[in-house]
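Heads up, the next two complexes both have chain A, just with different partners, chain B and then chain C.
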Partner chain A sequence: MEKRRKSKGDNLVLRYLVLGSWALFCLVPILWFLSIGFRPRTEIITPEPIYWPTFSLDAWRLLLADWPIFDYLRNSVVAVAGSVVIDLILGIPAAYSLTRYEYRGRDDIGFYILSTRMMAPAIVAIPIFFLFRNMGLLDSVWALMLIYAAVNLSIVVWIIRSYMLDIPKELEDAARTDGAGDLRILWEVIIPACLPGIITASVIAAIFAINEFLFTLLIASTKSAYTMSVALANFTGGSDGVIYNAIALVSFLAFLPILVLIVLIQKHLSRGLTMGAVKG
Partner chain B sequence: MAVLDQTGGVARAAPDRARPREKALRRRSPALRRAFPYLLVAPAVIYLLGITLYPGAYAIYQSFYLVRFTEWIPVGFDNYVELWSDSEFWQALLNTLIIGGIALTLECVIAMALAFFAYRDALIRGWRIVFLMPMLFMPSAVAFIWKLAFNDGRVISDLLRKIGLIDGNLDFLGNVWLARSTLIVADVWQWTPFLFIIFVAALQSQDQEVEEAARLDGASWPAIFWNVSLPMIRPVIAVAVVLRGIDITTMFTNVFILTKGTPGGTTETISYFIYRQGFQTFNFGYASAAAVVMLVVTILAAQLVVKRAFRSGKA
Partner chain C sequence: MARIELRNVVKRYGSFTGVRRMDLDIADEEFLVLLGPSGCGKTTTMRMIAGLEEPSEGEVVIGGEVVNEVDARDRDVAMVFQGYALYPNMSIYENIRFPLRMRGIGKADQDALIRRAAEMVELGDFLDRKPGALSGGQRQRAALARAVVRQPQVFLMDEPLSNLDAKLRSSMRVQIKHLQRQLRITTVYVTHDQIEAMTLADRIVIMEKGVIRQIGTPDEIYSDPADTFVAGFIGAPPMNLVEGRAENGRFTAPGLVAVCPPDISGRITLGVRPEDCRVVTDGPAELAGAVYGVEPTGETTYLTLRTGETLFEVKAARDARFDLGAPVKIGFDPERIYFFDTETGVRLRAQPQRSAA
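Take a look at the complex of A and B:
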């Protein structure tokens, strides 16, 4: 039996050589960048790179003293969490409508929602900028919340839709014979049954919102709206150039929660990333 | 901004008032029942029209004006005529295709090769998170990692010198292809995991018996992979590549942080071109004209490519 399991062209040495090298290529820049966060500024930009630096907590002190890091953190959390809530409030009924009803134009509406995922931020950046300026929402977390929600709504609808399609019709029919109406079925049957999909959609929307750069760059201009993602680009010390150790630290502050979230939804990740196209 | 204010009117009523509302609904006219699914989907659609239809119309309108601070001077099609003969615009378009095309090809090939080796391996399954890590960094952070490695910290030059490939330092911002390669490396490093995880999931969820049958016929693994496994997951590959392709053609963050378009505009992408025209030279009408061109391309691509990819992905 063992002999049959291994077949031609199955070279274990080659396999682990290839996978191992790529794993190293993934990890080494991350570990090296982590080391940047814990070295003094004088050992970052040097004529010859220093591979074994002295340990230093300079960056922490710098961050806490010179940069409003807690403001950036708060802005990110408020804007991202708010946008996910908006997405769920709008997205769950929309996904329900797209999966559980037959009506004219349904597929076109579904495709329209999907197609907004392809809109390049740069195309709408100028009108959105003027729109928020006219509303007096420039440099405001609320504007970021609204725009993140808009950017991710298509993803949320399509992921939840994919999970709702998997719910057997009988579950719904049973509730209906008990006299439950459409909205009660959505709330008491459908939402609990597709909770993994809702969580996956929320996590992926949250990560994309944390990462968002162009809109944030245009809307935010002071610490009252800077998020972690864009604040990085402002870690410059005038003539001293870019402050890499602070950037490295903030990168890891954002990286750790994302890592935790991804580990939590690991099984659903590929399904979420393809907006439901892979049932893996 | 009436558009955004109307959000969730229907949806928010859903949780606590579900029961009485529903009863009322049932007693009411069949017309309301027929409208019900539209009411459920309407808030989301209205919200999305707010960031697509409204800005699209605004950009088209603005593209016929010369905008100087608060003054709008109508200029007809001048912006489009100027765009047509603007070598910087064509350069940006070309750069986007070159950089995006190379990066996307590399990502597909590498992700496919890695997936080939990984998908039947239980050991790798437990370590999958290692392969995902680059994707979990904020793109702006990734841009700084490579900015330090290539430019400011000269680490890549130093490593290449140590293994004897070059003398002295490479100026990654001074040479067209070196500058482009920094953008390509940053994108490949961060986003190959995206394709990798999707390919692996698709390969693992397919029917194993077909592969098993081919193997019993004595086919080698590379042959099975190429002739049996890959064709079976083609719809998923299409969806993944389309999604990655969309993101790659809108590349902005890496250009903004790593190269700013240097040297001589040879790394400027179309997104960065629009940003620069709009928010650095404040030539909003001109930038809008470029945005409209990009919008038309996007709509065409959506109809031709994306619709097909997702339709077949569903089937």
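Take a look at the complex of A and C:
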């Protein structure tokens, strides 16, 4: 007994050590960004190591003065949030249909939906450009919203579907004999039971959308549609050459919304809400 | 409060026939148990009554109305599932309320009904909990409460106790029976456990491979089985079935000689229940064998004998002690011996002998 507990403790130390080093490895670039972002420009380009950095808001001031960062952030948020909403409105019923209804070619349709994700996006880049130009949607946040939604729909459908497959059929049978119709069952039984799946799918879709580059570059041409991802790539720090501390700061700001999102919902990111529905 | 009829009901899944030509008449307020091994079509039959499966042929009638075209949600049946099927995101209170809400029962009346149903199954203190925070027995009772809350025409229960441990199962059994008697609602109950069937049912329907083998009260099924399947399925331990030959009023098998009706002959299976056998120390006996195993249960002792190739079980006195391999002679209660056609399994009954035309 004593021995066993001890060996378990050793394992725990090892586990923290491994996870801790990995976390450090992942976090160092971000902390480095942060540190560069709040130091004066001159300090960054000196070749000697600096042990006691000086704190400075120069990069901040520069950024706020001549770079429309809030426009870009707003564009990102609007396009990403809108695309996730569209994905859920279309994806949840689609996933439900793929799991529960029996019809001809159901599995083929499911595979077709997934296969749209396997294609390299560059293949459709030019047709999409012409399509949106003809619709008069170039350089518009709404166009980006539609494109992000289209790109991510397949993943959203498949993630939600996999969660729905785990919901016991008995739950629906119970709701039906209790007097609920299809839409009621979807809304009151299925959606709450696969909420972790819906949240997971939304977060993944949001991350993909916020990092989307190719189509955004194609569609957006001014600050009225530039998102953080494209603006960041074009940003050099202004007219005075490449300013690294401003770039670091912008990178960090681009990363921040996703960090906040993940922290807020991480408890839902794991499965487990269906526990207690059936024995187990 | 309804009579249920199945008329010539067939259920096919592709080329597989789950239920074949079933006729069943369930009386108002009756407690009917569908009993059979897994895959015998009992759950399919119940799901057709619920409206969760559509019969391939035939009619399902509830309360005098053909309901084949009626959706499950409009049939006014309540079902209890093997896995309880409680809505995990809702509290027990919301779970019980769900069927009331779906049927548009006024908010004002809901609360009293929910509390009454919860009291009936002794869950009054757990209404705020989520299903995940309840034990198996409590979840099962919550599922029962959800079924009884709206006083449906029909109760359907699909192996509701099979996920519970043995002790809980027997106490829930009593609760279910009490509840059904109290509410006087026609109930169909599916199980593969013959003890549940015997203790709960007004009538039992024994099914095998989609066919009804026998319908009757528990007593009829026990004391008058229609074939070897029923005889072997009911009773714990089950009836001893010994294959042999009958000629001139004598049935013989290795180690076994018994009197049989003179009009029975050929390849015959003899059946006798362990509780209708007794150990004979001296005097005439039907069977001789060697002790193969002894199982004391506290209440009684079950003795297993080996005669020829077959094992034969006997209910012996509670304090009986036997040595393995010791020779033992067994006598049968002559009133309680059954004969079956070995080929077809069908019960053979003696022709009334003194029936003077």
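A few comments on the model shown:
Note that in this section the second predicted complex is superposed on the first by the 213 of 280 C-alpha atoms of A that agree within 3 Å, B and C clash if a C-alpha of one lies under 4 Å from a C-alpha of the other, contacts with A are read in each partner's own complex, and residues count from 1 in each chain.
In the analysis below, a residue touches a chain if its C-beta (ideal position, glycine included) is under 8 Å from a C-beta of that chain, and two chains touch if they have at least 3 such contacts.
Everything numeric here is computed off the predicted structure, so don't read it as measured data.
In the overlay built on the shared chain, the residue A:116 is in contact with chain B alone; chain C does not reach it. In the superposed model, B is the one of chain B and chain C that contacts more residues of chain A.
After overlaying the two complexes on the shared chain, residue contacts for A:153 are found with chain B alone; chain C is out of touch. Within the superposed three-chain model, A:199 lies out of touch with both chain B and chain C [touch as defined at top]. Residue contacts after overlaying the shared chain place A:29 against chain B, while chain C stays out of touching range. Applying the stated contact rule after C-alpha superposition, one finds that A:178 touches chain C and leaves chain B untouched. In the superposition on chain A, A:258 makes contact with chain B only, not with chain C.
When the shared chain is aligned, no partner comes close enough to touch A:78: not chain B, not chain C.
Residues 180-181, 184, 273-275, 277-279 of chain A contact both chain B in one complex and chain C in the other. By the touch criterion given at the top, residues 47, 50-52, 71-75, 77-79, 81-90, 98-99, 102-103, 130-134, 136, 139, 146, 156, 163 of chain C touch chain A in their complex. Of all the residues in chain A, the ones that touch chain B in their complex are 4, 7-10, 14-15, 18-19, 22-23, 25-27, 29-30, 32-33, 36, 44-49, 86, 89-94, 96-98, 101, 103, 106, 109, 111-131, 135, 146-147, 149-151, 153-154, 157, 180-184, 186-187, 207, 210-211, 213-214, 217-218, 228-230, 232-233, 241-242, 244, 247-248, 250-251, 254-255, 258-259, 262-263, 266, 269-271, 273-275, 277-280. Those residues of chain A whose C-beta lies close enough to touch chain C in the complex are 168, 170-171, 173-181, 184, 188-189, 192-193, 195, 273-279.
Remark: chain B residues 1, 4, 7-8, 10-12, 14-15, 18-19, 21-23, 25-26, 34, 36-38, 40-41, 43-45, 47-48, 50-52, 54-56, 58-59, 62, 110, 113-114, 117-118, 121, 124, 127-134, 136-141, 144-149, 152-155, 158, 189, 193-194, 197-198, 200-202, 204-205, 215-216, 218-223, 235-236, 239-240, 243, 246, 249-250, 252-253, 256-257, 270-272, 274-275, 278-279, 284, 287-288, 291, 294-295, 298-299, 301-302, 306-307, 310, 313-314 touch chain A in the complex.
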